[in-house]
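The same subunit A turns up in both complexes below, where it pairs with subunit B and then with subunit C.
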Partner chain A sequence: MPLDTSTYHLSLLRLDGRRWNELRRLHAQISTQASADGSSYLEMGNTKIICTVSGPAEIRGGGRREGVERDNAVVNVEVGVAGFSGMDRKRRRGDKRTTEMQNTIASAFTSTLFTHLYPHSTISINLHILSQDGSLLAVCLNAATLALIDAGVPMKDYIVACTSGLTPPASTLGGSRGGNSETSDPLLDLNGMEEQELPFLTGAGGTVGGDVGGGGGWV
Partner chain B sequence: MSLPDLAYPGLPLGPSSSYIPGPGTHLHLESSTIHASIAGRPTFTPPTAKGSKPTLSIPRLLPSPTHAPIPSSNVSNTNTLPTVGSVVLCRVTRVKSKQVDVVILVVYGAEGKFGRGGEGSVCADEWQAVIRKEDIRATEKEKVVTAEGFRVGDVVRGVVISLGDQSNYYLTTGRNELGVIMAKSEAGNKMYPISWKEFKDPVTGETERRKVAKPF
Partner chain C sequence: MPREAEPSINERAFVLQALEENIRLDGRALDAFRDIDISFGDDYGVADVQLGKTRVLTRISASIAAPYPDRKFDGVFTIATELSPLASPAFEVGRQSDLETHLSRILETTLRRSQAISTESLCLVAGQKVWSLRADIHILSHCGNLVTAASLATLAALRQYRIPDTSIKGGELTVYTPLERDPVPLALLHHPLCITLNYFENGEKMIVDATLQEQQCSEGEVVVAANPQGEVCLVQKGGGGEVDALVLLRAVDVAVGKVRELGKVVDRALEKDSKMRDKGGISAELSAENER
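Entry: the complex of A and B
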């Protein structure tokens, strides 16, 4: 079902009734899994993710590999997408997009966690995606932040993330070019339908200052 | 400057000119303020030496123990880890010919004058430990029979001699005041000590051999 964006600039309401800067309903819980060192459950709208954190733990197999500096802890991220999470039932196994998300999340937290306190150790972050409706990377980062705080892993700052996108300029819809007065509107917290149609990116940062990075997504 | 009730990572707590950063906090170089590293209630401990600054820290708390069958106000959620030299109370789980397996239940601080240390804290988790045959007694070590020193279910006071490996601490009971402090007889009654090697059952009158700790 294509997204009808022709009426955006008129009523300034999106299809789910939100204005450009309104976020979806956010529901968060921590300490949901007693067996894990840290755990959280986060819902942003219909995107629902469980996160568990374990560690810092010793690396199996000694960890004495050549060329590998183990003065800092290694952040290891695994993302599991449930087959029932999307619109069609699909088992995504070893997906490139999932692998990229894992690497992004791992490098983001490596820069804020105090990994120098735990040499030769691994901090494991496991994310389970129960329902997808847009902003997947952002919700993963937020859920991982909560789980890491619950686990008590020391960090210099916590990471929050959100998606932002651009509506197409109203002038291109009629086919004419060079819209001088019609500019695109920014949008915050895109849902699944908006992500499929519009260019967006996930921005993440801390509160103390300094960027920790982000990822872009284009349809 | 009053401390907030609940700090989250990254929250500025105080200037580094007034406080020393302790565990759970870190120093933010550019602004020379102390920031929190974990979530928790910040506390400050008074200065150790005259003229030095108080230490600002956030103690790491474990989740409150929910698996305990009876809630106890003594079971805290700060885990005092046993260190070398700390006196511990433990319970015997297995008696083998060369060693005795125990679980550490209570940790006291470092040894005090009478070998017992200060306040004891009940551990939120049990720690596995081992008393080797040669560490049960200080003298005549080769003549020790482990079954004559301990039985399963005895409560033992010991001292940690080594942090050991991934699975076990190592304890010793090789002093007069270390050894079995509480034991049940084979008939099931609580016994009281009568000498360094015997407990007596008051109901049946039977005595049983144990490595008895000297009562203070």
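Entry: the complex of A and C
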């Protein structure tokens, strides 16, 4: 969309030139990895993720997950963060944030996929974060949905997610802005920089029904 | 991998049917908490919270450490949760369970990301020495609603904790013992608490402070963290049955009311504790009068 700033107050634009309700550029591909049962590549602005899905397949590792319910398929999620994905090279494997994201994605899909059709099996979702610039959880969920569709796993609904944030109230910022309100303004699809500064919430939901999962936010 | 015993089909049906008639098995109202008991240890920074049969103990400790090189002005604040087999046979030693990650991440977001505890106030000498504050959360008994119990215990412990006083003269750092100078309270900017709401019937019915059994029968849970001023710090609903977005708004509304209620309970417990510790200060100590 061409940005006509003549009718739109410049100070209402965000750091990357978007308006409050504009998403970043979405680029999605499906079936990118020939060897996987299902795969997708999703770019949302500068956040880039490859997702591969394998399964439903027999549970690997024999009795390793013994005691886990067998009547439904188990959804396994693994998130790998590439060393070159962020500004600093950090080892993120086993990190609590990554683990939490894995759990959130797994539980979101466990309730949406028809897991009861595949007893004694696993559906594993592997997410590879190639580049991170905010909205990680949302992009991961979207990429996983695409890959699961590609793999042909039956589901009752597509899970789609997006982040939303709130700007601090104008009064706390000091100088005058174009905005007229004392209250804070909503923002859609935060990038990395905005995410560090603002309270945000990741919302995920089905396209038909109501909400499926929510994320974390802070004051 | 051991796991929690699930309620039988009959038990589940019984709980659900009772809830349909707005009755909980322990006779509480849908939005009522179990009895809350907050007690403090002899040392500063130990809080023991009992929420019905759930029991959580938090201990705060501080040591001096070097800051992270990329955060020279920030102290370190870590939260460690321990789910020992003592609390439930389903917990294993030495393995990070999902519940543990869930618990510590929620507390971390609630306390650190919301800047309830300002890590900047823990800085002593920029780039060299900072306080490393640690909250060890021990789950002693698991009977549902661990999140609220743990957040109550941690907040109470943080508010009661006194950190040794320090001074810097000519670039030299002095840490005073409690005898030399009274330790000082931590700089907490606000007092957030977490409330868990379990929902049934597609979010039509919500209960607070679910017992373990109710938790297992529920369709899912929403965790809301807020402070008594009504500012929301965290809303989390990962998985579980899908609900209408408006249900989340209602959950936040209920939770904020409950946070105010719990905040007062913590206030009262702290007041009682400080009265017990206050023996009249230095004048009482210097006085020659005694009971004999």
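What we mean here is this: the second predicted complex is superposed on the first by the 192 of 219 C-alpha atoms of A that agree within 3 Å, B and C clash if a C-alpha of one lies under 4 Å from a C-alpha of the other, contacts with A are read in each partner's own complex, and residues count from 1 in each chain.
As a working rule, a contact is a pair of C-beta atoms (placed from the backbone, for glycine too) under 8 Å apart; a residue touches a chain by one contact, two chains touch by 3 or more.
If you're wondering where the values come from, they're calculated on a predicted model, not measured in any experiment.
Student: Sharing subunit A, do subunit B and subunit C clash or fit in the superposition?
Tutor: Overlaying the two complexes on subunit A (C-alpha atoms) leaves subunit C and subunit B fitting together cleanly.
Student: Counting only touches as set out at the top, which of subunit B and subunit C does A:A108 meet: first, second, both, neither?
Tutor: A:A108 sits against subunit C, while subunit B stays out of touch.
Student: State whether A:I149 touches subunit B only (first), subunit C only (second), both chains, or neither.
Tutor: So A:I149 only meets subunit B here.
Student: After superposition on the shared chain, which partner residues are touched by A:L166: those of subunit B (first), subunit C (second), both, or neither?
Tutor: neither
Student: Under the stated touch criterion, which partner chain does A:A82 make contact with: subunit B (first), subunit C (second), both, or neither?
Tutor: neither
Student: In the superposed arrangement, does A:A28 touch subunit B (first), subunit C (second), both or neither?
Tutor: A:A28: touches no partner chain.
Student: Once chain A of both complexes is superposed, is A:K96 in touch with subunit B (first), subunit C (second), both, or neither?
Tutor: In the superposition, A:K96 contacts subunit C only.
Student: Applying the document's definition of touch, where does A:G206 land relative to subunit B and subunit C: first, second, both, or neither?
Tutor: both
Student: If you tally the residues of subunit A touched by each partner, is the higher count for subunit B or for subunit C?
Tutor: If we count touched residues of subunit A for both partners, the winner is C.
Student: I want to verify one number: the closest Cα approach of subunit B to subunit C after the superposition, in Å.
Tutor: 13
Student: Taking the contacts subunit A makes with subunit B in one complex and with subunit C in the other, which residues are shared?
Tutor: Common interface on subunit A, subunit B vs subunit C: 157, 206.
Student: Could you pull out which subunit A residues touch subunit B in their complex?
Tutor: Listed in rising order, the residues are 31, 34, 58, 114, 149-150, 152-158, 206-208.
Student: Help me check something: in the complex, which residues belonging to subunit B touch subunit A?
Tutor: 8-10, 24, 26, 28, 35, 37-40, 60, 63, 66, 166
Student: What residues on subunit A touch subunit C, complex-wise?
Tutor: Within the complex, subunit A touches subunit C at residues 65-68, 88, 96-97, 99-100, 103-104, 106-108, 110-111, 157, 201, 203, 205-206, 209-219.
Student: Enumerate the contact residues on subunit C facing subunit A in the complex.
Tutor: On the subunit C side, the touching residues are 1-3, 70, 96, 98, 101-102, 104-106, 108-109, 113-115, 190, 192, 203, 220, 222, 227, 231-245, 247-248.
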